[in-house]
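Here the chain labels run A, B, C, D and E in written order, and each chain numbers its own residues starting at 1.
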Amino acid sequence: MAPLLELQDFHYYYGNIHTVKGINMQVNEGEMVTIIGANGAGKTTTLQTISGLTNSKGVRGKIIFDGKEIQGFHGHKVASLGLCQVLEGRHVFSKLTVEENLLTGAYLRKDTKNIKEDLKGIYKRFPRLEERRTQLGGTLSGGEQQMLAIGRALINKPKMILLDEPSLGLAPVIVKEVFKAIREINSEGVTVLFVEQNSKIALNTAHRGYVMQVGEVAMEGFCKDLLVDEEVKKAYLGG
Amino acid sequence: MLKTEGVTIRFGGLVAVNKVSIHVRKGQITGLIGPNGAGKTTFFNCISGVYTPAEGSVIFDGKHVEGLKPHKINEVGMARTYQVINLFRQMTVQENIMVGMHTRLKSNFWSDMLHLPSERKEEKFVREETEKWMEFVGLQDMANQQAGSLSYGKQRLLEIVRGLASGPKLILLDEPVAGMNSKEKEEFDALLRRILDLDVTILMIEHDMKLVMGVCDYVYCLEHGTLLAEGVPEVVQNHPDVIAAYLGGDE
Amino acid sequence: ACGKKDDKPADSTTKAAGTEAGKTDESKKEEGGSEAASGETFKLGAFLQLTGNNSVAGIESKNTLEIMIDYINDNGGFNGQKIELVCYDSQGSPEEAVKIASKLVQNDKVDAIVGSVNSSEILAAGKTINDSKTFMMGLGTANTWMAEDWPYVFRATVNNANLATNTVDMIVEAGFKNVSIFNGQDDASLSTADAFEKICGEKGIEVLAREMYDVGDTDYSAQIAKLIKGDPQCVYMTTSGNDIGAFVKQLRQGGYKGILFSKEIMSMRDANIAGNENAIYTAASYPYVIYPNIDACDDAKIKEVLQMYQDVYGEIPTTEVIYRVYDTMMVMWEATKIAGSNDSTAIKDAMPEVSIEGLGGPLTYDDGTREGYHTSKNWIYVGDGKNKDFTTWLAEDYDAYKSATGREY
Amino acid sequence: MSMLTQLIISGLVLGSIYSLIAMGYSLIYKASGLMTFVQGDILTIGAFVGLTFYRFLKLPYIVSVLLTMVIAFGIGFLLEKGVIRKLLNKNVMAIYIILATIAISYIFQNGAQAIWSSKIEYFPSIFPVDSVTIFGAGVQPEALLCLGAAAVCMVILHIFMTKTKIGTSMRAAAMDPMAAESCGINVSLNTGITWGLAAGIAAIAGIFIGPMYGVYVTLGATIGRKGFSSAVMGGYGNMYGAMVGGLILGLSETLVAGYISSAYKNMFAYILLIVFLFVKPTGIFNERAIQDV
Amino acid sequence: MKEKIRSNNLIKCLIAVVVALLVPAILGFSEYLCLIACFATIYIVAVSGLDVLFGYSGQISMGHAAFYAIGAYGAGILYKHLGVPQIPAMLIASVIACGIGALLALPASKLKFHFLSLATIAFGEIVYQIASHSPNNITGNFNGFFTDKLHIFGLQINTNVKFYFFGVLCVVVFLIIKNFIVKSRTGRALIAIRENTQAAEGMGVNVRKYKVIAFAVSAFFVAFAGGMYVNLVGYLHPDMYQQKQSVLFVTMMLFGGSGSLTGPVIGAVAVEVILESLRMFEEYQMLIYGILLLLVILAMPGGLVGAAKDLKRNILRRKALKQAGKEVK
């Protein structure tokens, strides 16, 4: 089976800074894959470039999604292909209510009638959001914002969802909840690629993992193998 | 060293912090934990002068400091870092630390404008001092890089050392290891101890329980703006309310 | 629309030269032309506001200057020297005027300067020009800059303060006892209104109200409400640029039917903005008037000048600056002839002897004021772009006006 | 008729013109967080284009209005695409965008002069009567058109921005362009439309006031600035605020001129604005905090 | 190493000053070209002042023509009506402007970008209105205000060439002052405020105080430039202090590049020269200027100095790309 998302010899430059230095990566349909790695390894850059959110001038190499080359596409174009991203640091619309935030996520959908249904589905998954549906996004707590950001991506019924550090700044109990949600989403057939600093939880959640180091893929493999790898243990799992 | 008594902060109808009293002892690391939206950052903002408490008092070194402007708070000996990194992105690493030393310097506008000898002497001192701080966290090779171009972890370090450069007695750290990986967190552990060695007391918000349990001498847990539990780490960790509200059950 | 110089037919100026005005000057040309037939040119500098709020006057001035220069060059130039125009846009800014004056005098080394229509620019530039002993003729009508002690600066346009006196005489002639004043705040409008108010005091005309507006204002209803509150027998207005039409329109809408006296002549274009009916009964003292088209012009000489302009630019100008520029150039020409030299000081010294017939009456400089016009005519706008002699109108139509409006004084 | 009625009515009319311009500013701010200096000049261009269709090409009035709006929309849209978006993509300081709009304002003003000349042009009225009487005060029918248009625009724009999907997405794009893009919103197209709409409204104002004041190249310069002040007074970004701000400014101008002094009316207008900024910077409608420290 | 850089800079500065002093000779002592050079010195002082405000403390002003007016009218009136000698009159007027700037900044420094720019526009309009409707006609209102040419200690500065040397002196003094201010504790505080107000406050910077200082300093610079103007031209008119003038200051600053010593200098000179050389286009001058300005903004956001930096960076990037290309192969 062809991979749903594939990066071929992918580079990224911020001006003259070479941040991603030729990586190859595949995510198969229905899979859940994680990228781990130190700060500044280029994980966010990679995800955002896939989604078309970085300046397309710096992109080299190929990004293939669903059989289409999408490098250099605008973000909204990528989103319309069914590839949605939950941004690092949540990025909820601070002056829109929770419900408006979610509806904005459904911007691309033409089937207005079914949106109501799906909204209910989101609320069922995150009851907290339903309680706060008229509250402004900016006044939610960090965990609630993360849920909102995930919900906003899900309502677009994507084929694949990218998450950038979903556990950032969340209380342990919420981290657990969020990862439970991610697993559920994946089990419902959505392909997932996520970046995570908390390597332990990441490797325990995903099927396969990539380890990035200063712009390059240092290692890849099934999570159960990575979890026991000595080097990974030493560098990312903390003894 | 730092004591708050019944601090309350309201945003409109919302009570973000409700009658919180804590006590930070000199030479210790005190931790502040709690679920998202519990009011930890708001409480920090209140101590550091961003907000004025609606009720209650903040006592630092025996003096009431509630209601003082943030820059005054810095002058009395408290420095802080932010949950979202708040560096002067276009300034170099060195200049960031120099700004950190602002309150320790005596030169005023006139001596600056006229470039008086006293000001020149002080500038020299500033430069030497800055070197020292950069070495303290290992940033000396990046002295002339723009702060915004540093990696996330380095930015965190710079933010902390910028706070330290003002010569505080107490430093407030808001989620200092958020976004760091396990190895970096371990290194950070050591840094905290070196800060203590400088005679700087630490009050820290953190979600990483491993770090909190490892380094903190005393922990407070907030929930919905009220104090849920306090005590040495082990006590708080095993507190049933804290487990329910914050840590979650084991899987 | 203003840069039509290029597509000017080659023979247009020759045609103009063949007209009567050209012929009458033919004889004089012979005398001066024989003397200095060198290949050198006479550099005429000009600074005019060509962009911005009041630029139409500047642009039409420039157009007329070009026509007049062609005309004079075809008729021998200044003492045999061809005139060459160096013109810059002063943008209505005194600072630009200072720079341009310096550029003209020191860089371009012009032989004489024709100045701006805007008095503020002349005030700014005048000292530099006068100090450099360059002969200059201003195109503005304010009394302010001529009050400076600048012996090299002359003009062949009217002096608004004198016109204000004439206007008060018109008011007396019509039998009015009181007036309200509405003025703009550029220096020409302001100083004219000041002069008018003073003369009213002297002649026993009561000023009931005085209101003002700023450049850029479009709504005058508050001022109008105050102006007509005491129901003045007439209103005097000193507006500048494009503002007269909108003001008259709003004034009439406010219900005022009295006679309006103006610093400026009402043109067809302004009357259109005001609404033709509204513009009627606008009176002014001015040496000449503006015509809606050439056929409407009943003054042979002016007709010829307008014809020259139309031949080149396809339409007649909308402002009376064409007359100002024509008179200015004619006076300069005459002065160079009398001086027999194109040296600024010589021209200056020859000025008192200049005495020619301008488009609006005799132009003489023998009284030491450096002013050319000492007389004016009185007009009233009667619709369709026509202005009528005020005294005639008083005799023929005043009664009809009174019974139509019920305003008897 | 008392002088007060007259002043109030003319103040409202003047205010409604300011309001129309103010709404354009607010719209742009709300949808892209930017500030522009070209609204006034687009008003001028709108008046000239309308004049060209109506008087020179002799098209029916309605057709002229619609064509002008379409052209103005195009100008606004292209402006965003060709200049603003280019600069935003380069991550320039906000001030450079303002400066760019100033440069465009030079180009429009001087370009209009190059095309239509600096003469004042007469814009024939579409109404058979010159003036209608309300409460004893004479008002030009075009003025009522302005007032009506302002009210209609206000309601439509407010509903558009707060109740429709596109409106919400525009606001979202202004808050966080990257997140909006990731939601599939074509941020660039959206802001282009906003600038187009703002230009369209300004052009309408131009066509409506043409018959009242005549058309000339600096027609919009002062009105543009006053319109901006109005937007701020009402609460920058709020459509009702733009309307109310405009009316307040219009009324205070006429009342000051009527009861205090016409020499100082503009000074009063600006003092009022400064006082507003210092005392109640969020505007009458409390549109988001605009204080820095 | 550092000492070497410093002495290098010093040499560069000295060369710049020497070149500046040679300008009249280069221009062939043309009074007209020297007049333009004089205006350039005036604008350098003013724009450098504005740069302290915007380039360093990050506050925008679209109304600095107001301080220009205060400096010009103040110096003129003090000299003409009160008999204060010209140079002290300039200084006193600048101090007055400085005070007014500080008073304005007290409330204004709270405002965010767009609103600050609007408040300053309004302030500019108010000063313009006062200059044109002054009590007792003290400014001459729309009829303008005349004064004499500059004379210092009996030395007549009555030609543009002479004034130019005075102008260069002023530029040198003001640039040195500016340099001292921005390269000190005060300067760092200002930059910190520009970069991140919240963090600056947290680091003990009294944001309000420094914002006010920046405002006052810039008002002083600009007002002094106004004083230079009145003594150069000898004539004032309110129309010189409209918003157009403020915009010109901002344009010059941004054209050169803000937040640096050289940016405003280059910007002031470049814009002055461009405007002057477009003069031959007569009524199309401003149209061409507008187009040119727009093109420059589009091509080099960051001004000339920024563009130079970008160019340097681009060359580096090319190199990096080439290297990367090799590596891939």
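Basically, a residue touches a chain if its C-beta (ideal position, glycine included) is under 8 Å from a C-beta of that chain, and two chains touch if they have at least 3 such contacts.
Bear in mind the structure is a predicted one, so any value in this text is a computation, not a measurement.
Common neighbours of subunit C and subunit E, by the contact definition above: D. Across the two candidate interfaces, A-E and D-E, the one carrying more C-beta contacts is D-E.
Relative to subunit D, the chain whose mean Cα position lies farthest away is B.
Look at where the CA atoms of subunit B average out and do the same for subunit D: the two points lie 47 Å apart. Computed centre separation for the pair subunit A/subunit B is 31 angstrom, with centres defined by C-alpha atoms.
Between subunit B and subunit E the centroid-to-centroid distance comes to 40 Å (mean Cα coordinates, whole Å).
Residues of subunit C in contact with at least two other chains: 2, 51, 55, 59, 185. Counting partner chains per residue, subunit E shows two or more touched chains at residues 133, 201, 207, 283, 286-287. Residue positions of subunit D touching 2 or more other chains, listed in rising order: 109-110, 113-114, 263, 266. Of all possible chain pairings, those that touch are A-B, A-D, A-E, B-E, C-D, C-E, D-E. Contact residues of subunit A toward subunit D in the complex are 51-53, 55, 74-76, 79-80, 84-85, 87, 91-96, 100-101, 103-105, 107-108, 152-153, 156.
On the subunit E side of its complex with subunit B, the touching residues are 177, 180-181, 184-189, 191-192, 195-196, 198-207, 213. Partner subunit B is touched in their complex by these residues of subunit A: 17, 36-40, 89, 140-144, 165, 168-174, 176-177, 197, 199-200, 234-239. The touching residues of subunit E, when paired with subunit A in their complex, are 313-314, 316-317, 319-321, 324, 328. Residue ranges of subunit D in contact with subunit E, taken from their complex: 29, 35, 83, 86-87, 90, 92-96, 98-100, 102-107, 109-111, 113-114, 225, 228-229, 232, 236, 263-264, 266-267, 270-271, 273-274, 277-278, 281, 290-293.
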